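By letter and in written order, the chains are A, B and C; residue numbering begins at 1 in each of them.
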Amino acid sequence: MTLQIQNLGRHVGQQWIVRHLNLHVEDGECVALVGPSGCGKSSTLRLIAGLDPVSEGEIILNQKNISHVSASQRAVGMVFQSYALLPHLSVFANLELGLRVRGVRPSDRQQRIQAMLELVQLQDRADVLPAQLSGGQRQRVALARALLRDPDVYLLDEPMSNLDAQLREELRPELRRLVLDRHKPVIHVTHDQHEAMAIADRIAVLHSGRIQQVATPTDLYHLPETLFIAKFIGRPQINCLRPKDGVITAVRPESLFFAKEGLPCKLMSREWLGSSQLLYLESPEGSLRLSCSTSVDIPESLIVSWHRSDEHYFDEDSGRRL
Amino acid sequence: MNRRSLVGLLLLWSLGPLLWQVYTSFCSDQALIQPFVSHDQRWTLIHYQSVLNANPPFWRYLVNSLIVGISSTFLCLLLALPAAYALNRIPRQLSALSRLALVGAALFPYVLLFLALLELARALNLGNQLLALSLPYAALSQPLAILLLNNAFNDLPPELEDAAKLEGLSLFQRFRWIFIPLISPATASTAILVFLFSWNEYPIALTWISDSSKLTLPVAMARIAGSSIYSVPYGAYAAATVLGSIPLVLLVLIFQKPIVSGLTSGAVKG
Amino acid sequence: MIIFLLLPALLLLLVVFVVPLFRYAWLSFHADSVITGLIAIPNGGANWLRLLQDLRYWQDLGQTLRFAGVSVGLELILALCIALLLDQRWRGRDVVRTLALIPWALPTTVMALGWRWIFNTPYGPIDHFTKIAGIGSLNILGDPNFAWIATVWADVWKTTPFAALILLAGLQTIPADLYEALRLEGGNALICLRRITLPLLRPYILLALLFRLAQSFGVFDLIQVLTGGGPASTTESIALYAYWNALRFLDFGYSSTIIMASFVLISLICVIAWIGLQVLIPTHPKSRGVIEL
C-alpha cells in the first residue's frame, strides 16, 4: 500500500493554503511534515484525512483516487494534538464507539479493545474518564483508537506536542513500536525537528503551503536545497556570512574551529549546554555561532576557520542551493 | 446603610408582594375588609376551596399550561439544535449576519405579532387547540434557543467532530454520541427558558384560545380579573395567584443554575 | 446537507417573524373591518391619514413612551445597584440571588392581578398605609396621575431581576486587578465606577437597555390586567390600542397600521438609544463589543 499525493492544493477565498504538493509515502515508511506554524502542515493532513475539501490535485491510496471520498470512507487513522477523546465517555467507551458504528459484534469489540489496551499498557484504566488520565496516557488512548480503526494510512498531527520533553523522549520508541511496525504509510506532522529526525525515514519541509524539499534527515541536514531549510533544520542555527556577488555562504556552528589563520573574531557571550558550549562571536563577516567542546578555554579574541567542504552556497535572491 | 439592611430591602422588594398574596389568600373576607379589627374567624381555607372547586377547576389551567410548555419546549429544541449546529457550517459572513438577525428577532416585542398570528390560526384552523399553540411558541423562542445552543456548539473543540468523522460516525450518530451529551447543560438552560416563556405567554394564548376548559394559566388569571373591576373576589384571586406561582417558584429554586447560566451566556455572547 | 438542518427553523422563523411584517405593511393600505365584511379592500393611504389625525393614538404613543422611558431608566439604575450588591462576596448570596429572580419568572398576568389587589382602594395595603400616614385615600388605580405610576412600579418590580442578572454577568467579567490598580493610584469608589465599571459594562448595559426598551414599548399583559388601559385610557399602550382595534372594533386594517407604525418607531428608538448610550458612557480600552458592531 502506498500513499501518493499529486499536485494537491486547497484555497480559501483567494488564498492558497496548500499548493502544488507532491508526496509519495511507502508502506511502513514514516514521512515527517515540518515547517514553521501556519505553513500548511496541519492543513495538508486534514486534506489527506478528508476533513477539508480538496481544491485541486489528487490523493491516491492503493492506486485508488480518494480525493473526493468522504472522511468516514477513507480508512484513515488520525491522532490529534488535543487527542480529541470524548470527555463524557470512559476509555473503553471511547474506543468502542468507532467499532460499534462500524458494526463490529459486541463480543468482538470487547476482545479487540482488551487486546489493544494491553498493547498500549492501559488494561487497568479501561473504565476511567479521559480527564482522570495523565497526558501520556491520553495520548496512548488516542493512538489506540487510531490503531483499532486498522486504517490504510496513519496521520499523526503533533501527537506529542502537549507532553513535556522527558515524556516525549520516552514515548518516541513506543510510537515506533506501535505505528511504524504496521507496514502502513505514516505521516507525522511536528514542529519539533528533533522529533522528526528521530522518528521519520524522510522529512518534508513545508514553507508557505509548498514543499521545499523531501529528503532523509541526513540529506536534509547536509544538503539543504534552500537557505530556508538550512536555517530551519539544525540547532544551533546555521551561520550565514555576508553575501558576496549575490551568493550567500553558510556554515554550520559545529563546522567552525579555532585556527591560527582565518577569520578574527571577538567573543560576545557564551552558553553552556552540558556536553558542548555555544559561543556568540562578532566578526567582519557578521555575527557567528560556534559550538565546541566544553573543555576548551576561550580567550576574548580568537581566530576561527572551517573547511571549504563544509560550506553551503545559496543564491541571494531565490534562496536556492548553488 | 450597611449590607445587611440592603439585602433585607432587596428581599422585601422582591418577595413582599408575593408574600402579601399568600397572606391575603388565607384571610377571611371579613378580615380583608377590616384588617385592623380582630375577628373570630381570621384565617380560612375557603378561598382555596372555591378556586379548586370552580368550573373548570383551577388545576385544569395548570395542566393546560404544562402541556403547552412541554410540547413547545420539545418542538423548539427539535428545530433549534440542528439549526444551531448548521449555523457554524455555513460561510462565515452569512453566519454572522444570521446571528445578528437572530439577535434582532430575540429583541423584537413579539406582542406586535398577535394579529398576523391570529389570522394564521384562523386560516389554518388552529384556534382552540392547545398543542397548536406550541407552533408560535416554538417559533418565537427559536432566536434565543438557536443563539444559546450555537454558543454551546462553538465552545466544543472541533477535533471531537473531526475524530468522530474519521471513525465513521454519521451526522445523526455524531449528534447522538457527541453533541447531545456534551451540550446538555446548554440544552437544559435553553429548555427551561423556553418552558418559562411558553408558560407565561399571554397575548397569543388570549387570541388563539377561547374555550374556557382549554385556557392556559395566564389567560385564565386575566379572565378572572376581567370578570368585574369593582367587586372582585380578592381572596379567591390571591389563592389563584399563589397556586399559579408555586410551580414557577419551585422551578426557579430547583433550576436556578441553568436559568442563570442560560440568561448570562446569552448576554455574554448574544 | 447543511441546508436541510437549517431549513425547518428558517421556515418557521420566516412564517412567524417576516411574513407578518409584510402582511401588516400590506394590510395597512387596505380597509379590512366589519364594514367591509372582513374582506381587504385597497383604500390607499386612508389608514395612515387616520393614524395621523387619531388623537387617541398620539395620546397612547406618548403614554407608551413615558412608560417605557421611566420604567427602563428606573430598572437599569436599580438593576445596577442590585448587581453591584450581588457581585460582592457574602454568606447566603446565592440564595438571595435565586430569590431575587422569582418576580421575573412569574407570569405577568398572575402578578398583575396581585398588584391590582395591593393597589386596591380601599382594601389594599398601600391604601391602608396612606390612610395611616395621614395622606388619605389616593384611589391609585382610579386616578390618572397615579395609575400610570402603578403600572411603572409593577413593571420595574417584574423585570429588574432580568436586567440585574445581565449586568451581574457583565460585572463578573471585569478583572479585579483593574480596580486594584486604580485604587493604588488613589481612586475612590465613585471614580472606579465611572472609569472602570460603567465602561466595561457598556455592552451589557446596551443589551439590557435595548431588550427592555423594545419589550416595554410593546407592553400589553401588565396593562391589560392591572388597569385595562384605564382610567379613561390614561394608561393605555399602543399594543393595547392595536389589540382593541383588532379584537373589539374588528378593524384589522387600522390595527395593522398601528402595529406597522410601532414597528418602525421601536426600531428607530433602539437605534437612537444605542447611539445615545455610546455617547453617554465613556469607553475603556478593554471594553469590547458584545453587540457593539
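Just so it is clear, contacts are C-beta pairs under 8 Å (C-beta built on N, C-alpha and C of every residue); 3 or more make two chains touch, one makes a residue touch a chain.
The model shown is predicted, which means the values in this text are computed figures rather than measured ones.
K.L.:
By number of C-beta pairs in contact, which chain pair leads?
P.N.:
Looking at every pair of chains, the most contacts join B-C.
K.L.:
By mean C-alpha coordinates, which chain is most distant from subunit A?
P.N.:
C
K.L.:
Provide the C-alpha centroid distance between subunit A and subunit C, rounded to the nearest whole angstrom.
P.N.:
Distance between chain centres, rounded to whole Å: 59 Å.
K.L.:
Measuring centre to centre with CA averages, how many angstrom lie between subunit A and subunit B?
P.N.:
Whole-Å distance between the two chain centres: 55.
K.L.:
Report the inter-centroid distance (CA atoms only) between subunit B and subunit C in whole Å.
P.N.:
17
K.L.:
What residues on subunit A touch subunit B, complex-wise?
P.N.:
Going by the criterion above, the answer is residues 46, 49-51, 70-74, 76-78, 80-82, 84, 86-89, 97-98, 101-102, 145, 149.
K.L.:
What does subunit C use to touch subunit B in their complex?
P.N.:
Touch residues, subunit C against subunit B: 1-3, 5-6, 8-10, 12-13, 15-17, 19-20, 23-24, 82, 85, 88, 90, 92, 94, 96-103, 105-118, 120, 123, 125, 128, 157, 161-162, 165-166, 168-170, 173, 204, 207-208, 210-211, 214-215, 217-221, 224-225, 228, 239, 242-243, 246-247, 252, 255-256, 259, 262-263, 266, 270, 290-291, 293.
K.L.:
Name, in rising order, each residue of subunit B that touches subunit A in their complex.
P.N.:
Per the stated touch rule, the residues are 157, 159-160, 162-170, 173, 177-178, 181-182.
K.L.:
In their shared complex, at which residues does subunit B touch subunit C?
P.N.:
Within the complex, subunit B contacts subunit C at residues 3, 6-7, 10-11, 13-15, 17-18, 20-21, 24, 32-33, 35-36, 79-80, 82-83, 85-87, 89-90, 100, 103, 105-120, 135-136, 138-140, 142-143, 146, 171, 196, 199-200, 202-203, 207, 217-219, 221-222, 224-226, 229, 232, 234, 237-238, 240-241, 244-245, 248-249, 251-253, 256, 259-260, 263-264, 267-270.
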